[in-house]
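In what comes next, chain A is part of two complexes: it sits with chain B in the first one and with chain C in the second one.
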Partner chain A sequence: MGDFIFPVFFLISFGLFYLGNEASKVIASLINIVLFILPLVSIVFGTMYFYNSREFMELMLAQPINRKSIFLGKFTGLTLSLSLGYVLGVGIPFVMFGMKDYSEIATFLTLILSGVCLILIFVAIPFLISVIFEDKVKGLSASILIWLYLSVVYDGLILFMIVTFSDYPLEQPVIYLSALNPIDLARIMMLLKIDMSALMVYTGAIFKKFFGSSMGLGISFFSLVLWIIFPLLAGLKLFNKKDF
Partner chain B sequence: MVEIIGLEKSFKKLKVLNGVDAHIEKGKVTAIIGPNGSGKTTTIKCILGLVIPDKGDILINKQSIRGDCNYRRQIGYMPQIAKFPDNLTLKELIAMIIDIRGNCDLNIRKDVIHHLGLEAYMTKALKTLSGGTKQKVNALIAFMFNPEILILDEPTVGLDPLSNRYLKERLIKEKENGKAIILTSHIMSEVEEIGDKVIFLLEGKKYVEGSIKELILETHTKNLESAIAKIMEETRHAQNPKV
Partner chain C sequence: MKWLFIAHILFITQYLSAKEIVVCKSCEINDIQTALTKAQNHDRILIKKGVYISKNIVINKSIELIGEDYPIIDGEHKVQVITVGISDVTIKGLIIKNSKSSYTDDIAGIKIENVHNVVVEDCRFYDNFWAVYLAKSDNCKIVNNIIRGSAKRETSSGNGIHLWNCKNALIKNNKISGHRDGIYFEFVENSSIIGNLSEKNIRYGLHFMFSHHNEYLENTFRANGAGVVVMYSKHIKMIGNHFEENWGPAACGLLLKEITDSFVSQNVFYKNTQGILAENSDRIEFKENQFIENGWAVKIGSSCLDDYFYHNNFIGNTFEVATNSTMNNSVFSENYWSDYKGYDLDRDGFGDIPHRPVRLFSYISEKYPQVLILLRSLFVTMLDLTERYMPVFSPETLIDKKPLIRKWIG
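So, the complex of A and B:
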């Protein structure tokens, strides 16, 4: 799985550098690719992986190991390989071409960190879904629908809301709403670091206005961590009761 | 050795087990038989902890299996179908399970590998193995750790005659060593050949439990198949005398 992510991100980052961009511009271009591809690939891989290893899980469950270790082991195994592919794929070109200063390195590290968070979240979500749905096709459809909602429909809804309720103060509701979307949180986190107002979406701008850059960064990161923990724990809880 | 007490399980609205009680002894082969969907596999999976029963309990050596996974150290399980991680080789799979369960019995391991002809597959990726060969791998994993309880779900389906014979001999040897063996099968002649005791399940209930020899004697029939058929007919008559 990591061996799929690695060449994809390696080629993209390498290509962007090769075309004569400098590190900060490469990061800006990478943000949208990361926000789009990483959740999709992780959610699809996560679902397929879980369903495909069902029979093997049965074999493991007949051995003296508890369910928690199996579930968390599967999660760690998949996220580790995906993260490694991503970190190396993006990291190697950056190291090869070099970064200018500390702020660029910090931006790069934010890109890596939020990407890894996205991988963890978008593996935890399909694991939860796969525990709920017995049927592989249903599970995969649910996963893809969730991805579609979070990465496409959600933005449209926010925009619709802003236009419809433009007479009201919207800052606070929008902040809560953005916490409901991990992709948006990751985007806010990266854009706050990169401080590129042209790319900043509405929610990001509000985050900055409300919390300031560093506080906003902390809050978005904390919300991302919650997004990892909740689906994972819910999945684990259901997995403990599941019949095979 | 294994005590099943009032086991009940429903999958959504479908009641699969409806109060199964059974007793499985050491040094005997107990066959769980019954038509398709009668709850054989579910019973086995309850013993393994793969399915969590709604009601009832299972005691192994007088200890409840609920909330504990270590009892599975005493169990060797050969499932009906098996899928292994695609990219592992057989050798790696064995190493992995040894890593989980601790040391295996080297003599048994050698013997099973030799007689089932698994040497040739040791370094092959598991995804390239045929269905029958995968079944042999399952058998190897089940026997390898010399467990006190052996659970085999339709063990002979998909095996060639030679391996089939070896498996039966192996089972008889394990039985003589005082192991408790549980197996499910559709093939009555096979059950009669290696089994000592049957638990006949019908619609999630225990219909008959008893020694195979006694069942055949009591019903004055020639084999297990007709004995079971006769018992079923008699009860049907008792329930609706007009028919």
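So, the complex of A and C:
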């Protein structure tokens, strides 16, 4: 999988630098791509990979190997290759062209870190789904539905809520709601790096204060870890019990 | 040329007739007040290095007050340090510090009132209430000064350079920080503000009211409480200034309110919460400015008439243009927009489809500021796309029909 992710991200970042030259603008364009493509590709690949390697997995299960190491091995293998492809694909053009000052390096590291987190989460979710659904088509549609929900529908619901209840002070609820969605979390981390000027208006300052504080950082980190651990452990548990 | 020569001769003879009075700690004359009483018009008082306590020095003769190696004149927070009460005075090379502060009087480091042709040059001002205060004084020059205040609150602090009801002033190459307003102009005409650096003042870098026919060129205004505010003035020229890092809920690089017939060109707006905020400002030409990485590059109210934006570069701003109604009376043409998604098939340097710089999301965030947390979300991108192709909320006429494909570089 990494051999697909790597050329895609390499070509995109390389092309953006080649055409744009300005690291800040390249990062802005990359964010959209990372938030859009990375979860989608990971979740689709994750589902396909699990179903496609099912026969091999059954073969492995016939051997004296415990189920935990098979499941976690599959997870580690896939996430490692995806992450490596992503980090190198984005990293090489950046090292070649960009990163003039400290803030750009910080933004770049945030981009890499949140991207890798997204990969971990959006591989853990399809692994759980694939264990639950026997049917490949069912599993794939469930995966895409979850992606659609987290990347589009969820934000639409937040917007709807803000507009409907605009008479109430909504800053805090909105913060906690977005901290529950991994894609939103990754997005907000990037916002705090590149859209600081716009975020300095009153409400933005509240967001900045929350996500910049140690408590906000703690909650964001906790939420991300929960998003990795929960589907992974649930998947593992079901996998251990599953009757092949 | 001949006249210039004669004038020069006259000046020199006058100069030769003048005498020099030296003030130093071990001299016969060891304080400035005594020197002033002994001096005649056109004399020069030379102050050697040392600390001199001011008991409100009043200059009432047309003299030159020159410091050697920056002598310190200290008001000890008790008095106004220097008061100029007569025309044709030059003050040069002094350190002036610790004027009294007051809630009722405008007490300054140097106060110049009802006089003309005063020059304040190469001086340093530390911890004064007002640093330089000019009122009803024409043809004055404030050049090459360093002004540092320690203002904490707006209500208990004064301005760096304050001009009220003056004409033909020149404010050049000063560095001002830590005051309420860096430079303040009220009822000032035909004056120039050139090459100053005004930063970290707690209110505005430059504040401008009812002052017509002025120009400000190549200044830098950085990280002031709320940027630069220009109000109720006509025929202003603002060229080559830098507006940087004015961050805050109400901060903007340049706020224009009731400015008419003015010219804003070749300025750089970098990382401000709002680059330009314009209200009731008519017939202004915005030309060849750079808007880089601002929150809102331009916020233009529907109360602005016939403003003209051309050859500006909008690069990496979160929002390019925002407005508060579906009415638009300004023209945007031939600007470069880094958000432009079009193409140039006929290769004439202009995009083939018009650019709409007003995003639906900027309209929504104006009404419901909490939605800012959804910035750059896929959902918001989709909203903006639909608005871009089927505009409902954004002004139909606020479009750039000839967006530049490449950055404008003069």
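Methods note: the second predicted complex is superposed on the first by the 218 of 244 C-alpha atoms of A that agree within 3 Å, B and C clash if a C-alpha of one lies under 4 Å from a C-alpha of the other, contacts with A are read in each partner's own complex, and residues count from 1 in each chain.
In the analysis below, contacts are C-beta pairs under 8 Å (C-beta built on N, C-alpha and C of every residue); 3 or more make two chains touch, one makes a residue touch a chain.
Owing to the predicted nature of the structure, the values given are computational and were not obtained by experimental measurement.
After overlaying the two complexes on the shared chain, residue contacts for A:241 are found with chain B alone; chain C is out of touch.
When the two structures are aligned on the shared chain, A:28 is found in touch with chain C, with no touch to chain B. Contact with chain C, but none with chain B, is seen for A:36 once the two complexes are overlaid on the shared chain. Of the two partner chains placed around the shared chain by superposition, chain C is the only one that A:187 touches, whereas chain B remains out of contact. When both complexes are overlaid on chain A, the residue A:65 reaches chain B alone and has no touch with chain C.
Residue contacts after overlaying the shared chain place A:174 against chain C, while chain B stays out of touching range.
Of the two partner chains placed by superposition, only chain C is touched by A:204; chain B is not. Touching of chain A by both chain B and chain C, each in its own complex, is seen for no residue at all. Chain contact summary for the complex, chain A toward chain B: residues 52-56, 58-67, 241, 243-244. Across the complex, chain A is touched by residues 247-249, 251, 271-273, 293-296, 315-316, 318-319, 338, 364, 367-382 of chain C. Across the complex, chain A meets chain C through its residues 22, 24-25, 28, 31-32, 35-36, 151-153, 155-156, 158-159, 162-163, 166, 170-171, 174-175, 178, 184, 187-188, 190-191, 195-205, 207. By the touch rule above, chain B contacts chain A in their complex via residues 9, 11, 45, 48-52, 69-73, 75, 77, 79, 81-85, 97, 100-101, 138, 141.
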